[in-house]
Structures are given as structure tokens and as C-alpha cells.
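In C-alpha cells below, several structures.
Two complexes come next, and they have one chain in common, chain A, joined by chain B in the first and chain C in the second.
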Partner chain A sequence: MLHILRFELKQLLATRLFWWVGAILITSISFAVYNGKIAIEEKLHTIKELKEEQEQRYSNFKLDFDSLEAGTKKAQLSWFQDPRQALTVGMFRNSGKYAILEPKPLSLISTGQSDVEIFYTKVSYLSDIFQANNVNFENPFNIAAGQFDFAFVLIFLFPLLIIALTYNILSGEREQGTLPLLMSQPVQIRYWLMAKLTFRFSFLLLAVLLSLCLAFTVFQVDFLSTDFFKLLFAIGIYTFFWFALSFYINLLGKSSAMNTLLLLASWLLFVFLIPSMANMLATSIYPMPSRVELVNAKRQAEQDSERNKQAILTKFYQAHPSLVQKSEKEQTGQDFYREYVTLHEVIDEQVNKVQQSFDNQLEAQQSFANNFQYLSPAILMQNALNEIAETDSKYYKVFQKNAHAYQQNWKAFFKPKFINDEKITIKEFGQIPVYQSSISVDSNFSIQLLSLTLFSLLFTVLVFLQKSKNVNIISA
Partner chain B sequence: MLNSKELSKEYGNFSALNSLTISVNAGDIYCLLGANGAGKSTTINLFLGFIQPTKGTVEINGLDVSQKATQTKEYIAYIPENLMLYPNLTGLENLAYFAGLAKKKYSKAQLVDFLNEAGLQAEAHQKRVSQYSKGMRQKVGIALALAKDAKALLLDEPTSGLDPQASNEFSNLLLKLKSRGVATLMATHDLFRAKQVATHIGIMKQGSLVKSFKADEVSLAELEKVYLETINT
Partner chain C sequence: MIFHIAKKEFTETLREKRFQLSALIVAILMIISILVSKNYYEKIRTEHELAIQTSRQQWENQGEKNPHSAAHYGTYAFKPIQSLSLIDNGLEKYLGVSIFLEGHRQNDAQYKLIADQNSFARFGEMTPAFVMIYLLPLLIILIAFSSLSGEKERGTLKLLLSQGISKTSLILGKIAGIWLSVGLLILPLFLLGLAFILTTNYQSEDLSRYGLIFLICLLYFGVFVNVSVLFSSFAKNSNAALVGLIGFWIVSCLIIPKFTSNLSKYLYPTPSAMEYQASLKDSLEKGLDGHNPYNEFAKVFEDSVLKANKVDSIQKLPFNYSGLIMQAGEQHERVVYDKHLQQLNDIYLAQLKMHQSSAVLSPTVLAKMLTMQFAKTDLQTHFHFAKKAEDYRIALVSQLNGDLQNNSKFGDWDYAAKPDFFKNTVKFEYVPISLGETMQSAASGLLFLIAWFAASLIAVMMFANKITV
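The block that comes next holds the complex of A and B.
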């Protein structure tokens, strides 16, 4: 084995293809990591600015609070600027704190859903946290074309390099005429082929890993973590799959041209056709819910609440006998907003029902499409990388859920204050809810890796079946 | 050393080889003559284990090729009509590679000795094989036979396309191996070389061995006459 490996190295070093493959890998991985790093840095920069801006706002509130308490600033502030008012620090435009989904250092390996999903939102009493605040638009062309990230290099480009280095290992020997001399030596062709593939597998895997480590080091990515070792494992299995496939196709004993055709057809099938079919079927069976319907439902809810305004408010005042409904002329600002919030909550309730059915349909579509991952190692690998990078849609769903829960906490904190027209104490000011950033998601990484391994084993079994079925195919 | 017994190979209804029984002992050179399609190359391929016989057995050094294909290859060296080597490696590297596959470990100096013994000029040893002529590649093949310490040599039209000088050098190498006790089975069209080197000659026609005799029993002219009579009847 060592002898074959040594000569394999010698032969590969003498071919241009070897150097081209190495150069393409290093360049593309470095570029992908650089791209990812830029995107992450942009996000981190945005997050830093948001935190600074939030800190500044609430520091100003605190300064005003202290001044007002000390009686030094009363004259300059109107009631809606008074930080002791729940409306000021809990509902008005200047209020609210950010819920932020912080990217991980390894998020750069796979863009996943991060270019279409929102990674932060400002939460206050009435903020429409995942609708109105969507200011984080990505260039639609980039979304359509896909990002040039490490996942793209590994899933799309890397198999092509594997194909380039393996398509003709056996057929090339036949075509250049060295096969008869080779076959007259006391070595099994299967063993010889395996040794050559093992060498090329090791070379490519090592090239990817070294390129990745080099790029991470150069671009100062903090990558040494459990996730990095999960990433290495996933890369190893994905690479093994393509080599197992190539081993099998080499053993079929076809010409180099036919091997290329079969390998490229497999690549096309696993990388493009199955994912495209999954998307097409998912969108046909579970059509995308209409956004217009959602907007119309919201308008309808607003009109309904306007029509039923008096009934809603009567109910509210019956539930709060200590409060008295005043005419529009008599109403203070606080009175107006109390009624505004009451009506808004009714609207929210109705809109949420439509929103829920909209979300359910989307979830059904995604869930249906996800089942197709078991038909394609490329989809499995993409999902596994998204899991490592935490850019999978489920992380964003949990983030949205957490942000909604945070908004509920926010409301629960401020509602009694402005319903009862109470002022916030200095102690309560320090207890304004803060978003807890932990995201807990059930990981499918192990299942995805297991499925990838099964794919690889399928072709490994086919390699052994090929031996017993067709011993002489090589010399035919 | 090389034995076949009732050896037959059929492809559907076509009989490529019909009940061939031959024996090539150590120090013998058995030349198989015959027109194209007579079954000479099929015989060689059966000895190499490249194809499986339909009937009969092939043995190398007492081992059945069908049963112990890999093991029997330890005893043989094979030179096809057009021996091809890895063009981006030198002659020396090619020899080292194939000798290594045959589980033979040699120093560079020993490999150089084999190439010298096979008659390859010293300046060619470190040249890439892409610059070699056919004769030079055949010499690497002989060097490999020497390196493998092969007990049997299987040759499939090895002098076809060689110039007379290269062909003569090749014949001399075969005689050198013969003197070392190597058993050689050679398929050839070249009556002159067959007469020059063979100890035994067999003439094949349509998959059957129709004539077999010792080489020293006939002159070159008689051999030609017998050959032509055999293939034309």
C-alpha cells in the first residue's frame, strides 16, 4: 500500500491537474471564508451600533429620570418625554430594546437563511417586530444566485474536483495502455484502485482542511471549538461519499468519457435536480401563502375594531372599574394611548390568527421539502453545515419565538403601569426586561451525518457487489 | 512451469481456443505461430488470468491460474505487443513501481543494474518514458522480468514493429533469460525470430494447435513451408 501511495504522489506531482486542483481549492476556500467573514463582520458591526444606540437611549432616560427625581429638569420635558412614564420608556418611538441573534464565529461557513431572515428586532409595546422592522434586506440578486460561502465550495465545487481527480483512475490505465502490465503484477486491481483512491481522498481532504485552517487563521476566525470538529467530520463523510461513488463507477469498467458522464450526471442529480424537485413539489403541494391576504386581514381587523370601537372600550372599562371613559376633549395623552393600546390588542388578536395560518403553511412547505434531504447527500450536507453555522431556518424561527416571548414580557411589565396611570420607580427602571439571547434548538446533525454515512456505505456495498458479479469486467 | 490442459475458451458460439494442451518447462522457449485470430493471444491471456477458460486448466508453477490468479503472477513477467509505461515517470521509476507492485524491494543501484542488463542505455534511465521508443520500453519490460526474478515469461508479439537491430537485441535477451532457466511462451508472427530463439514451436489455426515440434527439428525454410501449408489448408 505504502509503495502505491508513494508512486501515486510522484505521479500526481508530475501532473498539472494536481496543482490546479490544489490551487482552486485554496483560492476558493479562502475567498469563501473571506466573504463569510465580511458578512459576519457587517452583522457584528450592526449589532455593536444597535447596542451602543440602545445604551445611549436608556442612559439618557436614566439621566432624565434622575434629574426629574431631583427636581432639576422638570421644566424642559413634556409628559411624553418623561422616563417615569411607562408610555415613554415602554411604547413610544424612542422606547424599546433589541432582541438580537448573534452570529457564531463559524456562522461564516454557511449563509443558510441568514441573508433572508432578520437577525435583530427592536421590541417595544406596540412594535410589529418581524414585519415593520425588516430593514435588513439583502440584494435579491445575491439571494437568487446564492452566496459564495464555504458551503457552496464544499457542496457544489468540491465534488467536481473529486470527479476531476478520480474519473479515469482505472479507465485511464486502460486507455494509455498500462493496464495489461499492471494486471500482470501480483496485486489485486481492486486493492490497487483502493490505494490510489485512498491517496487522492487523503490529499483532497487534507487540502480542504489545511485551506480552511489557513483561511480561518489569516482572517482571524475563532474556529477551535467542538463545532469545528463536527465540521471536519461532516467534510470527511461528504468527501467519502463522492469517493465511494467514484470507486463504484471506476469499477464498472467503462471508458473515461462514460465515467465522466456518469459522475457528472450523479453530481447534477444530487446537487441540482433533487433539491430543485424538492422545492418545486413543496411549492406546488403547499403553495406559498399570500402576503396580500395577510395585509388585507390586518386592514380588515383595523376596520372592524374601528367599527366596534365603542363596544371594545366599554368592555375594557367594565373590566377596569377604577377608570372612567372620558370624551375626546377631556382625554389626556395617557387616556388616549390607553384606549389606543386596548384597540390595538384586539386587532393583534385577529391578525395573529391569520399570521398563524400563514406560518403553519410555510412550516408545512419547509417540512415537506426537508424530507427530500434523505434523497440527496448535497442537501444533507447543506443542512448539516447550516446546523453547525446555526443559520438554519429553525434557528430564526426560535429567535422569532423568543423575541415574541420577550415582547410579551415587555407588555406584562409595562401594561399595569399605563393602564393604572402609575409612574415607574427608579428600582423598576432598572428591572425593564432584557432579551435573553440563548437559542435552544433540537439538532438534526447526527441524523444528517448518519444519513450521509449510509449514502457512502450504499456505494461501498455496491463496490463489493460489483466484485462478485463481474470479476473480469476490468480486462474485458 | 507453464502448463495448459484441454484448455478452451468460447465466446458464445465462437470457439477462440479449442482444447489446448501445452507444457513449457524451465529453460524452454515455446513459440506459438499462427494467423491473426488463431488463438495465440487468447492463450497468453488465459495464462495471465485476464480471461477465464470455458474448459480446461492453466497452471503456472503448479498453481491453477483460475484459483490463485494473484499468486501465479509472482512467477511471471509479461510483455505485450506494445508495452506501455507511465509516460510522466522515468524508466527507472517505472521499473521501481512495477517491481514494488511485485513485492520486490531494490536499491536504486540494483534497479540500474537490471536496466543495464536489459540493454537500456544509461542516459535513458532518468529520462521520462514519453521520450522512449518501443524497443526501449520493451527493455524496461525485460528489466522488470529480471527484477521480478520471473520463472516464466509471457510474450505477445513482442518484436512486432521493432527494427531489426532492436528485434535482434530482444532475441538475445530472451536467450539470456532462457539460459537462466526462464520458461517462455511467446505468441509471434515472426518465423525468423521464432526459429532463432525457440526450443519448441506450435502452429495454431482457428483456436487449435495443429502442429507442434522442436525448433531444431526444422530449418527456417522448412518452418516457413510448414507454416504456410498449415494456415492455407
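The block that comes next holds the complex of A and C.
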């Protein structure tokens, strides 16, 4: 065994192919990591500015607040600028705090849905948090072409390198005429092949690992975490899958040319054909609910509630006997907004019902579509990487839910103030709700890796079933 | 002689199991993808037609309302689905489908389909264009990779040349033979696509557009035929030719587009949404705000209006000043929005130009860009729609402001337009981009593709004389 390995090493160092493979890995992984790093840095830069901007607004409020309390600034501020007004700090244009989905250092390995989903939103009393502000824009052609990220290198390009290093491990010997010599050695051909493959497997894995660590170090990525080990594990299994497949195809005993063709066809099937077919089938068997219909349904709900305006307000004033409904001419700003809030609560409730049923339909569609991932190791790997990077669509869905919950807190905090026209105390000013950035998502990572392992085992079993067949010793 | 070679190549290819199987797969995928696209097209078309009606009804039936409240209430413009999206849905998934039209603001199109899909939707989708642009070149490679290297390996090249055939005719014959097999497959598929388009709500222009898409595909396939024969003629053996060609395909289809998509962002950075909004807000504040009479520009405007009408206060004007200043504000806002959007679009166009230049290494990028342009599913068509929607928004809002100006008194915000008024407001009738306009923007890409075809043909011809036996 050791002999074979030593010989392999000598042979490999002598061939240019190995140096090429190493060079391709290092350059493509470095470029991919660099791209990821830039994208993350842009996000972090935006997040920093958002936080500064929010800090600025609320510390200005605080300054005004203090000076008003001390009685020094009263004359210069109109009522709608007074930070003791709940409306000023809870509803108007200058109010609102950000809900932010922060990227992790390892988010750079896979773009996932991060270039189409929204990662921050300003939450205030009336902000329509995920509809109106379209905060993620990028050239659609670029988005459609996709990013050159680590996931692309690993899922698309890496298997090709595996193919390049393994397509002729048996047929090559036969075509050179060295196979009969080998067969005469007291070593079983399967073990000999396995040793060769193990060597190449270790070489490739080591090359990826080193390139990755090198790129991470050069671009200063803080990568040492459990996620990194999850990543290594995933890379290992994905690599194993392609080796098992290649081993099987090699054992079929065809010519090098035929092996190349079969391996490339498998690559095409797993990374190209099945994913695009799955994508098409998932949406055509179970279509997504229509956004266009949603737009109008929400509007209808809005219009219906607005028609009941008078009834809603009468009910409100009955429930709050201390308040009196004034005519529009007599209303102060506060009176106007009290009614506005009351009315909008009913409208929002109706609109949310429509939105909720849409979201449920969409969720059902997505979980149906997700079943198609088990058709291809490439999809499984992509999803597993998205899980590690937390760029899978479900992270954004959870973020949206959290942001909505945060807005509910915000509303609950300010509503009594609007209704009763109370001023905010300095203590309450410090208690204005803040978004808690914890995302808990059911990770499918282990299921995905398990399925990947099953794929690999399938081919490993085929390898062992294949052994009984005779292998041609001499090329035809 | 060329004819004989072509005929021999053609019959041989047809007999090959490899070809039969892959041609069958391509044909099946094509048929499935057309059926699915057609189904999707019909669904979206009915949805949109219904949505356009509903949204107009909602607008017309808003009852008695102050016209300016109606402007804030707003309405929607829905982007119609194009007949040719059946063939190539281009960037449709990545672009919004509806634009909210309201007073004072120009909104972006909302609801990108891609944001509603699972992550693996990013792998690409099996559409007729996908089959044509990504899979058919593979089939061509499969037919052609051993066309000359095979003859060399079998030793039949010597025999052939000893028959007195020139190397040029041999190559031409091979190319013609490959074209016969490819044609046998794509001609029926082309007719099938045509049949499906005829069942849609197509415009007469769409048929010429479809013809042009087919022509683009032919040129694109031609590039692959030429390159395949070229590789086959100088490669050591068939295996090397195959590996080289697959490498070319991977570079052209996968690596270059992704590489350029990152590179173009480094050379022409897209502003972040935050920067964009901030500079927009900045420019908006440097002009008239219809809602803020204390703004300095509003003061200047007021003075000029008073002077022109020879009165000393806005109450004495013969019309409602609010309507006039709102409209003036709207005009300023539009100029600002248009300018910023134009700047952003210019960045996008510069990035697209880079993609086009990257076509030096990737004919696929050209084919992709051109087919989506002619299918009206590209960025340019989207801008066209957004611009028309914006024109409509301005027309509608100016009608609303006009009513306010002429039929109400200054300060009387209780004024409500009659319900009939909304029924008579302008309607949005979208006429898509014309073939002439598409031609103008597609011309350079088209020339580029023709150049690719010509260059690859010349290369294979020049190399033909250097084939060694």
C-alpha cells in the first residue's frame, strides 16, 4: 500500500496536471472569497451607516427632550417636532428604528438569496416594512448571471477537477499497456484502485482546504468557528460523492474517452439538468400564489374598511367615553392622528389577513418545492452551504416575521400614548423597543448531509457490486 | 465532393446511438419546456388582465374624494406578459411586475418572482431558451468533436485525401454534414415554437422578432459548429478535442458570465440603496415641495404666480393655488427622479456593455443578451415600461391637480371631486417597445455575433490547410 502511495506521489508531482489543478483551485477560490468578502463588507458598511443614522436621530431627540424639560428650547419647536410627543418619536418621518439581519463572517461562502432579499428595514408605526421600500437593488442581469462565489467553485468547478484527475485511473493503465504488469502483482486491482483514489481524494481535499485557509487569511476572514468545521465536513462528503461516482464509472472498464464522456454527462445531469428541471417542475406542478392578485386583494380590504370609517370611529368613541369626536375643522393634529391610528388598525387587520393567507400559500409551495432538492447532490450541497452561510430564503422569511413582530411591539408601546394623548416620560424614552437580532431557524443541514452521504453510498455499493465482472486487461 | 462528405457525415451521425439518445433528450426537454412555459404564460396573462381591470375599478369607484387625496391613494400599473416570454423569459423573474403610481413619488417596480422562490431557483430554469443556448451547443459538440480527429485515428483521413479532395472541401463537407443533423433537430422545434406563439395573444411584430431569435440561434450554433470542427482538426485525439470543447462550453456558459457579473460591479459600482435614497432626498429638497409652503422655492414660485396674475395674495387668484403648486412640485420631483433613475440605468448599461465585451471569450453571453432583447424580456424593455408608467402617472396626477386648481377654492380641503370625475381620468394603455428600438440597441451585439461566426469560420478554414495526416 505504502509503495503504491509513494509511487503515486512521485508520478503526480511529475505530471503537470496536478500543478494545474492546484493553481486553478487557488485562483478560483481566492477570487470567490474576495467577491464574498466585498459583498459582506458592503453590507456591514451599510449597517454601520444605518446604526449611526439612527443613533443621530434619537440622540437629537434626546437633546431636544432634555432642553425642553429644562425649559430652554420650547419656542423653536412646533408640536410635531416635540420628542415628548409619541407621534414624533413613534410615527412621523424622523421616527423608527432599524431591524437588521447581520451577515456572519462565513456568509461569504454562498450568495444564496442574499442578493435578492432585503436585509434591513426601518420599523415605525406606519411603515409598510417589506412592501414599499425596495432596499436591495442590483443589476438584474448580474443577479441572473449569478455570483462567482465559493459555492459556485465548489459545486460546479470542483467536480470537473475531480473528473480530470480520475477519469483514466484504470483505463489509462490499460491503454499504456501497463495493466497486465499490475495484474501480475500480488495486489487486488480494486485495492490498488482504491489506494490511487484515496491518494487523489486526499490531495484534492487538502488543496481545497489550503486554498480556502489561505484565501481566508489573506482577506482577513474570521473563519474559525463550528461553522467552518461544518463546511469542511460538507466539502468532504460532496467530494466523496464525486469520487464514488468516478470509481464506479472507472470500474465499468470502458475506454478513457468513454469514461470522460460518461463522467461529463453525469456532471451535466447533476449540476445542470436536474436542478433546472426540478426548478421548472416545482413551480409548474404547484404554482406560486399570485402577487398581482395580492396587490388588489389588499387594496380591496383597505377600501372596504375605509367605507366603514364612520362605524369604526363611533365604536371607538363609545369605548373611550372620555374622548369626544370633533368635526374635521375643529380637530387638532393629535385628534386627527388618533382617528388615523384607530382606522388604520382595522385596515391593517384586514390587510394582514389577506397577506397571511398569501404567506401561508407561499410557505406551502416552498416546502413542496424543497422536496426536489433530494434529486441532486448539487442542489443538496447548495442548500447545505446556504444553511451554513445563513443566506437561504428561509432565513429571510424568519427575519421578515421577526421584523413584523418587532413592529407589533412598537405599536403596542406607542398606541396608548396616541389614544390618550400622553406625553412620553424620559424613562419611557429610554424604553422604546429595539429589534432583538436573534434568528432561530430549523436547520436542514444534517438531513442534507445525510442525503448526500446516501448518494455517495449508493455509488459505493455499485462499486462493490461491479467487482464480480471481468475487467478487460488489454485495450481493444 | 463536399456534398458526398456532408452526406456521409450526416448518415453516420444519424446512425449513432449517442446522437439518437441526446437528440431525443433535447427534443423532449424542449417540448416539456414549451408546454410548461405556455401554461405559465396563460396563467400570468389571465391574472394580469384581471388585475388591470380590478385595479381600474377600484380607482374609478373610490367615491367622492378630494383629488389630491386620490393622488395619495394611488393606483397600480401592471406589466403585461410578452408572447415571446414563452421562448425566453429573460430577466422577468428578476424584475418587478407592478408599479405603484401615486402623487409626489416615482416608485420602483415591486415583487420580483425570484424573491418568492427557494434558493435552488438560482440554478437556472428549463425554458426553451435554456435548451437552445446551453444544451444544443453540447449536442453540437457531441456530433462534431470526432469529425476530423476520428478520421485521423482510424486512418481514413489519409485515404480521403489520397482521393484528391482538398482539405478545404473536406472541412466544408464536414461542416455541412453537421449542419444537416442539427437542422433536422432544430427545424421541427422552431416550427413547434412558432405554433405555440400563434396560440398566444401575439402582435404581428412578434413573428419577425421570433424569426430574428431563430437567426441569432443559428449564428450561435454556427459558432459552435465551427469551433468544434476546429478543435477536432488540431487536437491530438478525439478525447482531447472533447475535453477542450467542453472546456470552451464551460468557460462560455458558466465562468465568463459569473466572472463578469462580479467584475462589472467593481468597475462600475452600483450605489447602495441607502446612498441612492440619500442623494435622491438631497436633490428633492433642492426644489419645490408642493406640500411645504414655507420652503424657499415655494416662496419664489408664489411671488412669480402673484406677479403674473397681478394680485397681491393667493386667496385672490382666480383658481386654487394648491393645485398649481402641487403640479409645479410634481414637475420638479419628476425631473429629480428621472435624473437619478437615469444615472442608475447608465451604470447598469455600462455593466451590460462589459458583459457584451466579455463575449470575446463567450459567445453565450451574446446569444443570451440578444434573445432576451428580441423576446422583450430584457432590462431595456423593463425601463421602457417603467418610463411609460411614469408618463402615465404624471398625466394622471396633473389631471387630478388640474381639477383641484380649477374647481375648488384655496384652503378648502373638504372639496371632493364627483365620483364621475375618476371614471373619466386617463387610462394606462401600454404599447411595448417597437422592433426598431430593439434593433437599435441590439445592433452592436448582433454584429458582434456575426463577427464571431465569421471569425470562427475563417479560423477553421485557415487551419484546414495545416491539418497533418
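Quick note on the criterion: the second predicted complex is superposed on the first by the 468 of 476 C-alpha atoms of A that agree within 3 Å, B and C clash if a C-alpha of one lies under 4 Å from a C-alpha of the other, contacts with A are read in each partner's own complex, and residues count from 1 in each chain.
What we mean here is this: contacts are C-beta pairs under 8 Å (C-beta built on N, C-alpha and C of every residue); 3 or more make two chains touch, one makes a residue touch a chain.
Bear in mind that the values here come from a model prediction, so they are computed numbers and not experimental data.
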*Now for A:W192: first (chain B), second (chain C), both, or neither, which partner does it touch?*
first
*For A:T15, select first, second, both or neither according to whether it touches chain B, chain C, the two together, or no partner.*
first
*asked:* According to the stated criteria, A:T178 is in contact with first (chain B), second (chain C), both, or neither; which is it?
replied: first
_Comparing chain B against chain C, which has contacts with more of the residues in chain A?_
C
*Would you check which partner chain A:I447 touches, where first means chain B only, second means chain C only, and both and neither mean what they say?*
neither
_Contacts for A:L5 in the overlay, against chain B (first) and chain C (second): which applies, first, second, both or neither?_
neither
*Based on the superposed arrangement, let me know which partner A:I26 touches: chain B (first), chain C (second), both, or neither?*
neither
*Which parts of chain A are in contact with chain B and also with chain C?*
none
*Within the complex, which stretch of chain A touches chain C?*
31, 35, 38, 42, 45-46, 49-50, 112-113, 116-117, 131-148, 152, 156-157, 160, 256-257, 260-261, 264, 268, 271-273, 275-280, 282-284, 287-288, 290-293, 295-296, 299-300, 303, 328, 362, 366, 369-370, 372-373, 378-379, 382-383, 386, 391-393
*Any idea which chain A residues touch chain B in the complex?*
3-4, 7, 10-11, 14-15, 176-178, 180-188, 192, 471-472, 475
_Contact set on chain C toward chain A in their complex_ = 29, 32-33, 36, 39-40, 43, 47-48, 50-51, 54-55, 58, 62, 76, 78, 91, 93-98, 100, 107-108, 110-127, 130, 134, 138, 237-239, 242-243, 246, 250, 254-255, 257-262, 264-266, 270, 272-274, 276, 344, 347-348, 351-352, 355, 369, 378-379, 382, 414
*Can you check the complex and tell me which residues of chain B touch chain A?*
45, 48, 50-52, 70-74, 76-78, 80, 82-89, 93, 96-98, 100-103, 141, 154
